[in-house]
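Each of the two complexes below includes chain A, the first together with chain B, the second together with chain C.
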Partner chain A sequence: MEIKKNEIAYGEPVGVVTAQSIGERSTQMVLRTFHSAGITSEVVSAGLPRLIEILDARKKPKHPTMTITFDRKMASDYESVKEVKTKIEEVKVSSLLGGFEENLKAGTMVLDMDKEAMTMHSITVRKVMEIISHRFPDVELSNEGSSISVRCRKRKEIKAVRTIFVNIRAEMISGVEGIEKAVVNADGDLFYISTSGSNLKGVLEVGGVTQENIYTNDMFEILNAFGVEAARAAILNEMMQVFAIEDTKMNVKHAMLIADAMTYAGTIRSIGRHGLAGDKESVFARAAYEETIKHFVNAAFFSETDRLRGVAENIIIGRQITVGTGRVKLMIKNKDLEKIKAED
Partner chain B sequence: MTKENNLCTVFFDGKHIADVKDGKAFAEEIRKSRRKGLISGEVNVAYIKRLNEVHVNADKGRVRKPYIVVEDRKSKFDADLKEKLMKKEIDFNYLVRRGIIEYLDVEEEENILAVMREEEITEQTTHLEVHPAIMFGLIANISVFPEFNSVGKHPLAWQLMKQAQGLPAMNFQSRFNARSFLLHYPQKPLIDSVTYRAANLEKHANGQNFIVAVSTYLGYNMSDAVVINRAAVDRGLGRSTFFKTYSDEERRYPGGQQDRFIIPSPTVDGYEGEQAYSKLGEDGIVEEEMEVNDGDIIIGKTSPPRFLEEQTAFGAGIDRSRDNSTKLKAGESGTVDNVMITETSGATKIVKVVIRSNMIPELGDKVGSRHAQKGVIGAIIPQEDMPFTKDGIVPDLLLSPMGLPNRMTFGHILEMLGAKASVIKGVIQDGTPFSRKGTELINYYGDVLEAAGFDRNGNDVLYDGKTGKKFSASVFMGPVYYYRLHQMTKLKLQVRSRGPVQILTRQPTEGKPRSGGIRLEEMARDALVGHGASLVLKDRMLEQSDKDTVWICRECGDMGYFDHIKNMPVCPTCGPGSKLDSVEISYAFKVLLDELKSLHMLARIKLKNE
Partner chain C sequence: MYAESIDSIRFSVVSPEMIKKISVAKLAIPDTYNEDGYPIDGGLIDQRLGVIDPGLRCKTCGGRAKSCMGHFGHLELIRPTIHPEFARLVFMIMQSTCDNCYRVLVSEKNIDILKSAEDEQIASMAKLKSVKKCPHCGAKQKKLKFERPTFFYMDGERLKSDSIKDWMSKISNDDLAVIGIDGDVVRPEWAILGVLLVPPVNVRPSITLENGDRSEDDLTHKLVEVMRINQRLEQDIDAGAPQIIIDDLWELLQYHVTTYFNNETPGVPVARHRSTRPLKTLSHRLKGKEGRLRYNLSGKRVNFTARTVICGDPNLSINEVGVAQTIAERLTTPMHVTLWNIEKAKELIDRREYPMATNVINSDGVRKRVTESNRIELVASIAPGWIVERQLVNNDVALFNRQPTLHKMSIMAHRIRVLPGRVMRMSVNAATPYNADFDGDEMNLHIPQSIEAIAEARYIMKPTDVILTPRDGSPVMYIDEEGIVGAYFLTSSNTYFDKEETCSMLAYAGVSEMPEPDKDGRYSGKSIFSVLLPKGLDYEEKGGAVIIKDGKLVEGFIRKQTIGSGKGLLLKKIYMDYGGEAVADFIYKLTRVTYMVVYAKGFSIGVKDYLTNQNIQRESKKIIEDTQDKAREILESYKKRSMEILPGYSSKETYEMLVHAATGNARGTGVKYIEKTFSTDNMAFLIPTLGARGGIQNLVQMLMFLGQQSVRGNRITRGYSGRVIPYFKKNDRSPEAKGFIASSFMDGLEPREFYMHAMGARDSTMGKALVTAVSGYLMRRLIHALQDIYVESDLSVRNAAGDIIQPIYGSDGIDTIYETL
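What follows is the complex of A and B.
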């Protein structure tokens, strides 16, 4: 019974209803900007900008973030969660520096390591030196207390020296690339990690992290790591998340339709002229939307056929549209028709 | 530039003229002489401590404001002078001459310490404000009790004042304004301000005192609508006249031809028949006091033909001309008020005809008070059905209480109370900004009301006009000065079923002056699509718009035409004998296909049997 009641009628223009459902909420979001005093230090882009980001299928979200949870046993242990956090948080040479001096002419640089920062990330001077010498075989390293002297083996142009030095300072010492920051948060007595920056594949390789307990808001990462079905679920989830943060509700079926439409081609496509709308079958519908001349010229050039099956093209030429009452046709059996004729 | 000698620089009208040792004392000296009348009162002096400079200004174009001088903790404008001023023995200029009131410019204001009220004077005080209301300009001072209203409401209130109908000019009868309004019975407001009287605005009143009850009426006054009393309307409440001027000119054309104001003769092109010109006088212009309706010709005019070819085609000698008369615009009617014939500087004759029409308040007309409380008339109710008090007072207007709390226009409420006291006392009450405190006003008005047997809070016991039963709640009631604003139904109402269409697309025109249609906009269209209402959509998009029948060739798919001589459709590309089908499409689509053709893109149409 319940299923029957919620069944959608034949010819119902679900796309338009979805568009209206999302459109109404977006206008509300513009009018009422929601400010929440952040307790956690993570920055999440929310509201309309995030929604547009999802629908446009931007390759990189403005604020990529990951959430890593653990099974019950591990999550209640703060120390082990923190250990994972230190493992994934990206540490660069520059973030361990108290200061540095470089002499580009002589090809030398002195890196003054910050002891506090080193202990915080549990990194030793030796380890830093190891990594640098491994990555840059062209330089000679020597150690004096907490400072490292770097010297180029061969005389080089100043420009090349500078490039090397800049690269040394940007060299990653530990953690996962792209995870700019990681914070341990608590949900009741269970700890979890939220990060700013996202690298799904990198984080998965870290011990203690399982793929069941990891989430990122970057749908392309999910697409690449888990495939299109997971990406569909990510789009769905992210979209509902936007409305949940704004404290409005929308039927999940609308988000599902959007997610399906964006992913049915096997990859994530944007809504708009470079994605879905640009792939419409009808020449007139595309021309009515954007870049009119381009579509007409191409249609003429490749001798396209418009079968007039959509809504927009039928409105343009003035025919009944093919949804709702315009979709059903009346049929009559031949013998009934004869009967009616006979009665007349 | 550093000052080495520690001298104070003196500037006169911006020019360096001297240096003095003690600038402050020097400035004080000038001030003293000015108050004594030794030097002109138009001289202002300022000592600027930061720069150690004295600026003396006597040039034109400085904005100055009057202050009462305070000396030794005492206002120089004492009780004695006050009495003399009240008796009109002395005037304001006397006080200025005697140095009791002085005008200060912006620079000198930096040197003084002024207080608002006499009680606030301290040791350091040098000046006293003449009145707190002086801080406002003319327009702000016209508002009553503005200090009780929300700040944001004031600009809106002035906006309404601009739209009010009133007595715009005493010589309205001999004016030829393009559009103007005249309120028939303007009244002085029961509460006004000093500035209002000083500006003589009571002689140009632009509103009427409506008896207002803050009450609902069956939902006819919800969300800013108001209910008004039919009997009050019949007695002339809010009644006004609308004047509109039509004008036309006898133009001269190259070749010695010119227009002529005349009753067109039947030989003229576009002659509309004798009946159409029946309202015109023998000079071709409509007679004064003639009743005219829309479409009536009010200025008869003939013009020479538009193209010279026409003249040669029909042979020279015959002076052909066409009818170019002025008609009353669609939806307008009235009486001819005034006709003027004169000449322009180019010595061509021009005619101006003023049409006057009576504007009786009706549903949808806009009214508003001086506190940005505007609304449209939602119902006009017969007096019998309106609520009434035990004294038989029936309100002119019912205002919904829901419009008051959100907007915080307490001035409106205070005006009702004050105006009620004003009516009882028979004296117009003062509502000058910041003249008295709210509690003071309420107590004063309350005492007046109580003495006359009214409730001191301004509430009245009302009886339902329909049943005669007493309302269980008492209703706040009092007079409010209302404007009748110039947005009126009669000037805006327009309907269309069929009418003019655009030439290019054959879709209906847009806007009232072209008696256009109402557009079904994009989002409304989406709503119809979303409902699946395909036939409604087709009706709006095709049937009521630019439906057209075109012939499509079965062979080439291009558009053909119907040859009415041979009585058969023809395809120009496939020649005679081609078979064509008729299809109903939007004319705009046909234009689109034609334009694509002009770009060498042919869209072939293949028809399927349906």
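What follows is the complex of A and C.
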């Protein structure tokens, strides 16, 4: 009985309610990412920019991050967590350099390896040389102590030489591509890893990491790796995260509706002209939103029919909208009508 | 009313035959008026296209300026011209069909497959581009190129419009169906224009300037140019001019037709008026915020409205709105005449002063103004089924709105109270959901004009019906500021009032019942508060901080959590158990009692409350020094490279973030100190503590120090190289040099501090201005994407097309207003 009383009303325009709830709050959000509430080692992009990023279904978030947790046993062991961290963190030749000198005319470059950095990532000079010679067969390598000399086998144009040298310095030595940085954090006595940069598939291949304990804020990675249901959950979670950081109370149902609306077609569609609003069946609704001419021209050429079932198109032709109280009609039983007529 | 009978609307391209059928006149003279100022026959203002001048009659329908709705004309283009907007689509068809046999580039076998599958349209076309050999005639396909706006090339050679038109007309309907075009409705050759439809004159009215000159509409100007070139082209062709000249004119004709449709076509120079102003042509009329779609079709204008300055009135309930007499006299509400109210209706028609009838609508729907001369006649002829429009009186219902209309609580239905003055008045408590204040804000009033609309307003749009926001289930109307202070004084222990005070308080609140005296014939504040509560209310706050049993406050004092913004737990409880009217009643009574309490007890703050003492100063100094030490420490670890770098940031950024966090925390430390040492005897401290207004950090800024200022989320670094202002040494990284202000408002700021403070203030002002634009657009997008989504009777959530978005709303079907977060 109590539940029935609190049930949502028939015809309730929940879409608009959600849009208003979120839109009205967004007026009070700040434009920039701010970190006033103390400093955490996790990078979070927050506020209006992040919310827009989620709703726009941007292919890559501005600050992709992953969180990797472990089961109790492993998480309490700092060393093994750190081991995973070293395995996933992207190490490039450049990050191991103490300095370098290049002579583009002669086609030579001397890489001065930083010993400290090398030991930190447990990488040897030999390994670096192996990788470089494997990827760049055009160069000759030799080493003296901790420095590596690179020499191009054939004479080339300066521009070409430079490209090779830049590529050598950007070459990845170890780790997972895209994981620019990883840090071990502690939550009580449990350790976990947070990263900047995201590569779900790559990180999953690393030993010690399991599907259940991995998270990324890149919803397209989740979509590709785990499917739409997971992507829906990710959108939901990311939106609620934005509100939590802003200290804004928001009923999950609004985020749920948006997540569902974005994903019910089986893939992620954005709010806006290239997504939900641009895919509507009604020509008028699309034309009233954006790209008016384009929609009319296409509709005319392909002789599209507007069935006038939505809100925007009914406003345009001037009749009651199809949601809320506009959905219901007042009816009177013929019998009662006869009775009233008789009374008159 | 026609709208009700529309089932669907199909779009298509107008055929040349249809144009000729629609047209009432073939136009051939590229001019408007002759020397006598009379419209030229066959010119663009041809009187068969309708008239705009008063007194003249339309030569087609005989109607006058107001009654003639205008008629289309047409002009024949001497050479076919491509409709610029369709050019892209024509090219797609060219790519999809054979340049030799004009069949679609799909084999017979695949045609059948495609036909059975629907909605392939453009997707299939994209693939046809790469077909090299026609599957029907085997001809090798030539290379096609399209250059915006209207140039086509085949193997590098220019294709003229007539050959494209020829190509299009040779494609069979069956083949078009494969591409997704219904050849029975739209033929692609129609996209290449042979005749041009000329809109009626009242679509492009000319305006008469003060000096009697006529100024034509941009569309007319454009059409004159099209016709002029068309005429010249015709003459040149007839005179047998060289091909080159004809081609040039043809191209010029194409240019004018292109800009006639869309003067912003990419790759086409903008057509300009004599005054160099770009011409507004057809696409401009539809496009954008001021275009036909958004400005006129989606945004409807209405009658029966009023707008004035608003003003707060503590004597009104949140369900009321005070309306000026002048407004009540002008606006009307319909009264449907029945057997039961016909006498009342006659009386209203017969009246000559304020609450009177202004118009009557008879059973045929004809509206008549009630005048001195027809009054008696109307009273005599009125019958059930008529509608009498009468002036507004108390208790009529009106929709009240403030822009920006960000949520549904920005339009609510209030009961009208006709009051003296010129402003519209409202309860102070009802201002919150509108985000209104009374420093000159204006609001709109709408009077519903149908029984359904009035019922909807009365039963589901009152402030008390929507007091709980669906966002998080909390009340949007509550008691704040002096109300909170008053409620605290009223309900904190040891508050007693004598009989006289109690009586006047309760009388002011409109309560006629007295509580039992507590001791010595005096009444405790808690008992007075209890009288205001609905009978039999049971309420308990978490941890038993506030306990109400059987409508009696037995424990605790009333705080912001109980009746204020954010939570408003007690208000929600009353709404759930007693309904919206009870909440309105409670808010009304409590507001008035609390005002009386504050009035009786007295409440003031002064400079005295903001005086510092040695202890505070000592503590401030300590906090500032600690902050400086901390900043120095971080700087050293940054210089020694021993700092743990945050992921995703460079060491420099990490350093800045850490220092900013450290200096930013100083204020928090100050807040803790104030909270620890101040007592609620200090009124300046009491206000933020109760949650009535402001925060402790405002006190810290007044008594201790201002703290870190920031610009764009960082410490202040802008200005000269290496320093903000020349007061500092270059590359000074200390907190003070980067916007940390150690003075308090009571001390006053040093000039350098004042400068920093102004920078921070400017940044936050600009931030606010910018965020409104961004979030406004976000809201528009959200609304457009989600506006068709509603709850079906089986609790599933669907869109206009009937797609199921959620099987059950929010997975449990419960309305969010009933949930508490």
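Assorted remarks:
Here, the second predicted complex is superposed on the first by the 313 of 344 C-alpha atoms of A that agree within 3 Å, B and C clash if a C-alpha of one lies under 4 Å from a C-alpha of the other, contacts with A are read in each partner's own complex, and residues count from 1 in each chain.
We adopt the following convention: a residue touches a chain if its C-beta (ideal position, glycine included) is under 8 Å from a C-beta of that chain, and two chains touch if they have at least 3 such contacts.
All figures in this text were calculated on a predicted structure; none of them were measured in a lab.
Using the contact criterion defined above for the overlaid structures, shared-chain residue A:Thr325 touches chain B and also reaches chain C. Touch criterion not met for A:Val128: it reaches neither chain B nor chain C.
With both structures placed on the common chain, the touch criterion links A:Ile214 to neither chain B nor chain C.
After overlaying the two complexes on the shared chain, residue contacts for A:Ile316 are found with chain B and with chain C alike. Touch criterion met: A:Pro13 reaches chain B and chain C at once.
When chain A is checked against chain B and against chain C, the one touching more of its residues turns out to be C. In the superposition on chain A, the residues of chain A contacted by chain B and by chain C overlap at 11-13, 16-17, 19-20, 296-297, 299-300, 311, 315-319, 322-325, 327.
Touching chain A in their complex are the following residues of chain C: 3-4, 6-13, 85-86, 89, 121, 180-182, 185-186, 188, 191, 262, 283, 286-288, 291, 293-294, 297-298, 300, 339, 384, 406-408, 452, 456, 460, 469-474, 566, 644-649, 657-658, 660-661, 664-665, 712-713, 767, 770-772, 774-776, 778-779, 781-793, 795, 797, 799-806, 809-811, 813-816, 818-819, 821. Remark: chain B residues 525-527, 529-535, 537-538, 541-542, 546-547, 584-586, 588-589, 592, 596, 599-602 touch chain A in the complex.
Of all the residues in chain A, the ones that touch chain C in their complex are 3, 6-27, 29-36, 38-39, 41-43, 48, 51-52, 55, 63, 65, 180-183, 194-197, 249-254, 256-258, 260-261, 264, 271-272, 275-277, 280-285, 287-289, 292-293, 296-312, 315-319, 322-325, 327, 330, 344.
The residues of chain A lying in touch with chain B in their complex are 11-13, 16-17, 19-20, 296-297, 299-300, 311, 315-327.
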